[in-house]
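Listed after this line are the structures, all set down as structure tokens.
The two complexes that follow have subunit A in common; it is paired with subunit B in the first and with subunit C in the second.
Let's look at the complex of A and B:
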């Protein structure tokens, strides 16, 4: 038999171990479009209940914006549904090229190449550009898709402590004998919400003759005065060599990603990056809608400004209520609970109270660093955030964590 | 704990723990499976061991299992050093 019993048993046991460890992931089922309020069925089979959504990457509230929907419909009519081809055979339309040019302008780079997703962009970019004589030096908290991309590359690898510029400098000095050094970082770190010190990173890279790679998935569209990203916020527009980002978060939230940066690097990806060469083209509906998203963002900064105000309000409310909030300036606002069980129970109780958040724990974040990650949207009204806070305070009281810092929480609940 | 183990332990603490990190690292603490040492920077650790002990650890022996605790790393270093041909 092709699927022998012992093999089946092995997978069954594996799944049981995941369950026993309390790490089994269950999908929460939304009955309706993505929004700041959603109807969620959880666990599967329960009646859907209305909740305030604080866990989407819908930072600008554009996932279901009427103009984005209209542009998607028009794109569908004008350019059809699917491409049935990878880009370099017959999967490139005028729209794809136009979106690449618009992204180049928006990101302040030299050229841009679309990928099916940012996961694919990260999976392809390092392998396409760097070899055994080069070294990739990554922040220890970079996103999983970067870790996978680095694994796929033949380049040597090293890491530096999270945002520790002294440690990064040591590493750059240690690798001066390599053909190329590449500093690899997220722009905004997805689990912590802090911004990379790109100004200092770029300065160090210039001192040690290194390239800078930034994944700005959690920044493009809203970080920086005009929403161009972390490089804008840190005053280094045009000085980042390689940038990847996604259309799957603030920029409409459908799917798609890109590599943007120095023209020779992007052109080399067009020739060599395997997810670009061997996976289907981004569908015209999404490309047309993404062009409209860029119009919306470039017409006015009102949405990113609103997001900034909402973020400040949400952070202030949580801190005043006595939560241990990781400091930062992005709309990713982590509430630290340290203990994995506590984080899970906390998220479950919040759901009962009508607030939709997710608890994160090892291996997604380091051991003893469990948390609830909340994500603010420009679509949130003040009333949503105030209502969400009431739920947080009620659940926080129930678990007795209000006013406690790390040491007290760990003493009471364990790490 | 001998000098070799102490030197490795010091290096691991300095290189892999953050300032506010209160994880305890001892001789038997699982480093890689415990999420303290990531596989990318294992290279740094290997380079440190080679420089400090004037040895060359063959890639085939620099396995995540051999690097999973200070004790097993020290054993690996001793094994490799013992094979060194005197010049």
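Let's look at the complex of A and C:
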């Protein structure tokens, strides 16, 4: 038999172990479009319940924006549904090239190449560009897709402690004998929402003759005065050599990603990056809608300004209510609960109270660092955030965590 | 990329002899066959390290022992780093 019983048993046991460890992922089913208010069926089989959404990457609230939908419809009519080809055979339309040019202009780089996703961009970029004489030096908290991409590359790899510039400098000095050094970082880190110190990173890279790679998935469209990303916020536009980002978050939230940067590097990816060469083209509907998203963002900064205001408001409301909030400036706002059980119960109770968030705990975050990660959107009205706060306060009271700091929470609930 | 043996057998006498011999002096016919297809074949003595934990496995090859351990530590770190989408 092709699927022998012992093999089946192995997978059954593996799944049971995931359940026993409390790590079994159950999908929450949305009945309707992605938005700041959604109807969610959870657990599966329950009646859908209306909740305020504080866990989407819909930072600019464009996932279901009428102009984006209209552009997608028009794109569908004008350029069809699917490309049925990879880019370099017959999967490149005028729209693909136009989007690449628009992204180049927006990101302030020299050239851009679309990928099916940012996961694919990260999986392909290092392998395409760097070999065994080169070294990739990554922040220890980079996204999982970068870790995978670095593993796929033949280049040597090293890491530096999260945002520790002294440690990065040591590593750069240690690797001066390599053909190329590449500092690899996220622009905004998805767990804590903190920004990479790109100004310092770029200065060090220039001192040690290294390239800088930034994954700006949690920044493109809204971080920086014009929303161009972390490099804009940190004053290093044009000085980042390689940038990857996603269309799957602020930029409409459908799917697709890109590598953008120095023209020779991007062109080498066009020739050699395997996810570009061997995976299908981004569908025209998405490309057409993404072009509209860029129009919207470039016409006005109103949405990113609104997001910034909402973020400030949300942080202030939470802190005033007595929650232990990780300080920061990005719309990723983590509420620290430290204890895994508490974070799980808290997220469940919030859902009952009409607020949709997720709890993160070990091994997703380090032991003793359990939290609720909230993500603010420009689409949130003040009333949404105030209503969400009421729920947070009610649940916070129930669990007795209001006004408590780390030490008190850990004393009461354990780490 | 290399093929890992699940339970590395003890090296045979032949293998041990080959290890102390000039690298590249063994299996010349396979080397020649590969070279005929455009590969430059090079044999090196390396440190091979493995770390296993609950079904996870990391392995490295490196010329120096220090480098091998450093690299193994980096790979193992990736498992313990927090990852959220």
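As a convention for this text, the second predicted complex is superposed on the first by the 415 of 415 C-alpha atoms of A that agree within 3 Å, B and C clash if a C-alpha of one lies under 4 Å from a C-alpha of the other, contacts with A are read in each partner's own complex, and residues count from 1 in each chain.
Basically, contacts are C-beta pairs under 8 Å (C-beta built on N, C-alpha and C of every residue); 3 or more make two chains touch, one makes a residue touch a chain.
In this text, all values refer to a predicted model and were calculated from it rather than measured experimentally.
With the two structures aligned on subunit A, subunit B clashes with subunit C. In the superposition on chain A, A:364 makes contact with subunit C only, not with subunit B.
In the superposition on chain A, contact is made by A:373 with subunit C only, not with subunit B. Contacts of A:141 after superposition: subunit C is touched, whereas subunit B is not reached. In the superposed model, A:191 makes contact with subunit C only, not with subunit B.
In the superposition on chain A, A:161 makes contact with subunit B only, while subunit C stays out of contact range.
Comparing the two complexes, residues 140, 147, 156-159, 363, 366 of subunit A contact subunit B in one case and subunit C in the other.
The touching residues of subunit A, counted against subunit C in their complex, run 140-141, 143-144, 147, 151, 156-159, 190-191, 360, 363-366, 369, 373.
The touching residues of subunit B, counted against subunit A in their complex, run 18, 22-23, 34-35, 38, 40-41, 43-44, 47.
Per the touch definition, subunit A reaches subunit B in the complex via residues 138, 140, 147, 150, 156-159, 161-162, 164, 171, 174, 362-363, 366-368, 415.
Only residues 70-71, 74-75, 77-78, 80-85 of subunit C touch subunit A when the two sit together in their complex.
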